[in-house]
């Protein structure tokens, strides 16, 4: 039996974000178990609610480790991820032989695979600089965008997004004016109307935001109410409820960059997975594709290493290429950052799968397919590695 | 009329009684602490014990205010948090080795928490303690919210969302403890818990400790025996804040992280509940409360999602029916057993207990069944191999019958008591 | 100019919402002396009840039925809970309601789940009332404005003009005497508590769909309601009204101002990259109400219009 | 009309009433005399349900012991407490309105009648009651009780702390009320008034009734006066 | 001549529009036993509150042994040697009798606000506490929680706390209110004993107690002192008779 811990918000304003991912992990774990497990061992996944609070996450991490978990999944919030990376580093140093690995599926602050990279940390999502590169490349081709407004959550991830946007825009489109750069508290704003009014009066032609979860949904709700028709270039427009908040207005106004969307051409197997997911968890949509990827890559690595020992698995993961539904995923050995295709999509009513239980769904925009090699960014990581078993 | 042979020494408790009431509990406590490592506790157990240790000190510090001083605070976590934050900074200074900090042992970090918590409380108390009662409570609420929201503005002090983290394994070692593994932390926790308990118990026996009780009961009269109630409150508040800071320091070492949430209303409310559930009129009450609630919050949360509901329920029931808390129930039971009609008492208590347990049983089934039903993932409540589906009649019988039966028993007992001669 | 207009509009509307929420608390507090910590929980119940009712019927039915239900819950709480602890003094009452807030939140989580429910604005009011500086203003917010004003008038009439109001006021200071005059004081208290809760419930019905209806909404609104009641002055309806508007405006003006300390206090040579210099007025918005509360309690504990100290 | 049998009452542990027995007939004026602190006010409070009574209290043959105050009051018992308890921030008129138990079904007095009876009050009908003089407050309290149409009024120390001239006036008022057929239990210390208007007197000592008789009989009993009344 | 123990000069107090104390002038000499009588609501307790610092005068001054004390906070006035009791028992209900008295003793023995030493460490405190308890005949009940005391003992404890600090000016507000005959006698004895060599100001409605104890009596009516004289004169004063005593029979001149 392999104990794994999923530490993310399972209640509160970000509860849906955590739960949507948790359900994906649960489903994938079930499927792996049904197919005979990993090296014959069954996966036992337990969810721990951390309320997006780093301190609480460490309490939960401690509990998870105490109960025997050696693999930790977390993604919602770079603030939490930073704390977990630090705690895992310390734990592994203090408890040789009892190491744990941290599989990060969504906390995308670039630093985690750059200056503060760690052997114990693997990231399965493209980081903020990579995603921003995709967005800014797209903006480069949109000549009518002259003024851009940046809005984000006030913590390392939001700050990283703002910094990336600023530097990449000045490089790629020096003519663009950044007319606003606003950071608001994480998960505390209930009514974004004042922010939207600020955006409207700034005369922006586009908004870039890394908001996620409730902060994304409420931002869209306020935008819809204020009747604003400014396009939103987002990381997480796919957050539960964002599309339905905008309704028809979302079409060609809401954009997101992600590692894959349900409406991409894919194998029947993938379609079957999407449909099974929706059936099991009708409140959510199949969104966290990378959760499935992470699980599958773990299985492959464990089988390659012939063991479920964390160090062995970690070494096996390094450099591994996994052939996936939306293209190959490579776990770069230098910094443990997954390299994969990225897609820019917008909302459309002409789709196979809708989201939020309405007719609208995501559709890739023209030229919105970014190959993994294009999305790739250099790293500054200098990793300390333990002895190979 | 007074007996001529009596003198003041006779009025004080006898040495035997003193030993029984004061020294013995502490000795037993120390013995337990020494015995625990011999049982080779699991990691889970140690994690739990450490958390209890922190909460015991924090709850006792809080009860200095609420129980002894009569000051209801909704923001005591501010001092816990500020003490803890300061310790996190010191921990990082120790790591950098800057100035004298390089030679400061991590083991003594709680002293820094004590100082920082005390200072913060002294400053904030200098205006909030001018008022008592509800006004004081409201100020504490306001201050807590203010400090909490303000914390997000000063990232270099509070670290924003992410908080401040550090590594406790730096600085000189004392008592041969590297402070890395949990076993080392156990001794650290044991040491500071004993220090905290003994110091706070000693405080209740000082003139100021007594005056704080006097001020709680009757601030007006205190003025007319020559003391300034504001000053008394302020001093008690400061000392209580300092001990809260001590607990914060213990927490800093244990978790090696502090986030602004530590300053918020949630931990403040939790400490209030710990102290009150344990029993604010007894010194040992908050200790019991801290142990029980820490256990509940970390263990019960594994068994049931609804543990907060049980917690809230327990709190409300205690406010309504047992305002002296668990300690009151325990000591009341003890006194009853030693009282004249102990047989009668025992019988009554047992029946009462049976009534309560019956109601609890029904309630638990109700809550557990509904929580699974509401999650909608098709889970079913299956304790001990039984099966309680929300759609089976049996389930509802198991819910309703014990509740009604329990209520009837308690009602009957209540009636009987009224009819007993006063 | 745009900033000022937006801040004014949003401030007034948010302020009125605060008033709806706090008027019930003011009522309960001034009539019964109970500082109801669970008040915002009744607000939450209002929103959830409305969500359920409007799901199976319409918003308009929910608008009337949900507050009544919340009021009934409140009355039951008073009758079987609060009345028991009343004898143990105000602190016991306060702690009781404090525990109650936990309970309600957990029960809501069990019944409705831990995440937000999709409680929406009724279609009938889901259109922009007018457009100003390119931003449209939803009709629903205007509707809310009228409800709040209606509530102010109704409450004021109840308190100042009816015999029931007289009895309630008399019962606060002389409960025994009022009893001796043949009025059923416990029943009155229960009614008052019920009405206070129903008003919180109404606020929930109205606001739950503008904001978010989730189990955290009570905790989020709880402290701010106390700020309103205390700043306004205990038991003063007018005070609560003023304080609500004041807080609504302060917060919304703050959000609209991007200036940082370094810009405002440029003459002190504060560096814009320093931690203090970097603080913007808009980031101060969440702190303002509590600053106001603390200052008020220290310097003028009876609040803006209160007659007695807390 | 009112029968009290073996009434006991406690404040915490102190046993204040130790078996009070008395009886009041319709229309009677009874004076309850006794020194400070013997428990006269407590007797009144126990009857009115403000202090938990032990023992039997029958009003018009119906047991009222243990009922809530408002129910007792609705049976037709009025009470003017020692502390008077006017509602100071309300006007005189509003105070009177509060005396009415049921607006749909008011008693035999209207506010106007009351104000006619007491011209002093009419002059101040719209002033806050808090500014009234002690004597006026006392009158207001009695009027307020009358508005509730009681059949028996218990009046506790109406003349306490009032100047002798006003004491006289209050005495007259009570006599006036008695004439309308309302029974009165008057708790008093001032013998002069009590003896002037009472049909019967009870003397209380140490939580018990130690003497009962008509004013004329009582006048003869020098011994009772010496032992139980004089300071 | 030494300054009077207490001296009130043009003292007035109003609450809003209501003038409760109206231009009171009164000197009380050292060692005197002074009684204040007057109808309910005359302002006697208010006067005590003004002297002891609970209220600040609207105008006028109070001096204690020649030092101005109006505006000084109560605890400081107490430290200057003035102590008072309350009309309604005002004791520390949750503490035992001994602890109540000990609290009263602490300050006078220099215990300050210390939190570094135990209350039981000072022998002087223990001894003084015992002495006061004995004096007030409360030794038997020393370990009883104050709330459980019978009423009369609570009043005695009220006096005990008041005298425990060793103040030399003592104000007692209706110390015998609600007591029975024999209890009253006992209380009077206690008061007489405790006030020996000290200045006593007492408010009472019990004329027996007043005429028994007082060297001088002031009559306060509606905030004004209408007479201030030895008992024998008060007895015959028609003004006093009209305003307060009424027809009440007064105790015999010689006790």
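Residue numbering begins at 1 within each chain, and the chains themselves are lettered A, B, C, D and E in the order written.
Keep this in mind: a residue touches a chain if its C-beta (ideal position, glycine included) is under 8 Å from a C-beta of that chain, and two chains touch if they have at least 3 such contacts.
Worth saying up front: this structure is predicted, and the values here are computed from it rather than measured.
Steps from subunit A to subunit D, taking the shortest chain of touch contacts, total 2. Touching subunit C and subunit E at once are the following chains: B, D.
Centroid distances from subunit B, each centroid being the mean of CA atoms, peak for D. Mean C-alpha positions place subunit A and subunit B at a centre distance of 39 Å. One inter-chain figure worth recording: subunit B and subunit C are separated by 31 Å, centre to centre, where each centre is the mean of the chain's CA atoms.
Note: centroid distance subunit B to subunit E, computed from Cα atoms, is 43 Å. Per-chain CA centroids place subunit A at a distance of 37 Å from subunit C. Residue numbers of subunit C whose C-beta contacts span two or more other chains: 109, 283, 286. Residue positions of subunit B touching 2 or more other chains: 152.
Going by the touch rule set out above, the chain pairs that meet are A-B, A-C, B-C, B-E, C-D, D-E. Touching subunit A in their complex are the following residues of subunit B: 42-44, 47, 152, 160-163, 165, 167, 169, 180-181, 255-259, 261-262, 298. Against subunit E, in their complex, subunit D makes its touches with residues 11-14, 36-37, 131, 134, 160-164, 190, 192, 206, 230-231.
Across the complex, subunit C meets subunit D through its residues 163, 166-167, 169-170, 173-174, 176-186. On subunit B, the positions that touch subunit C within their shared complex are 72, 127-128, 130-131, 133-135, 137-139, 141-143, 145-146, 149-150, 152-156, 265, 269, 272-273, 276, 306, 308-309, 311-313, 315-316, 319-320, 323, 367, 370-371, 374-376. Residues 17, 39-41, 147-148, 150-151, 177-180, 205-208, 242-243, 246-249, 251 of subunit E touch subunit D in their complex.
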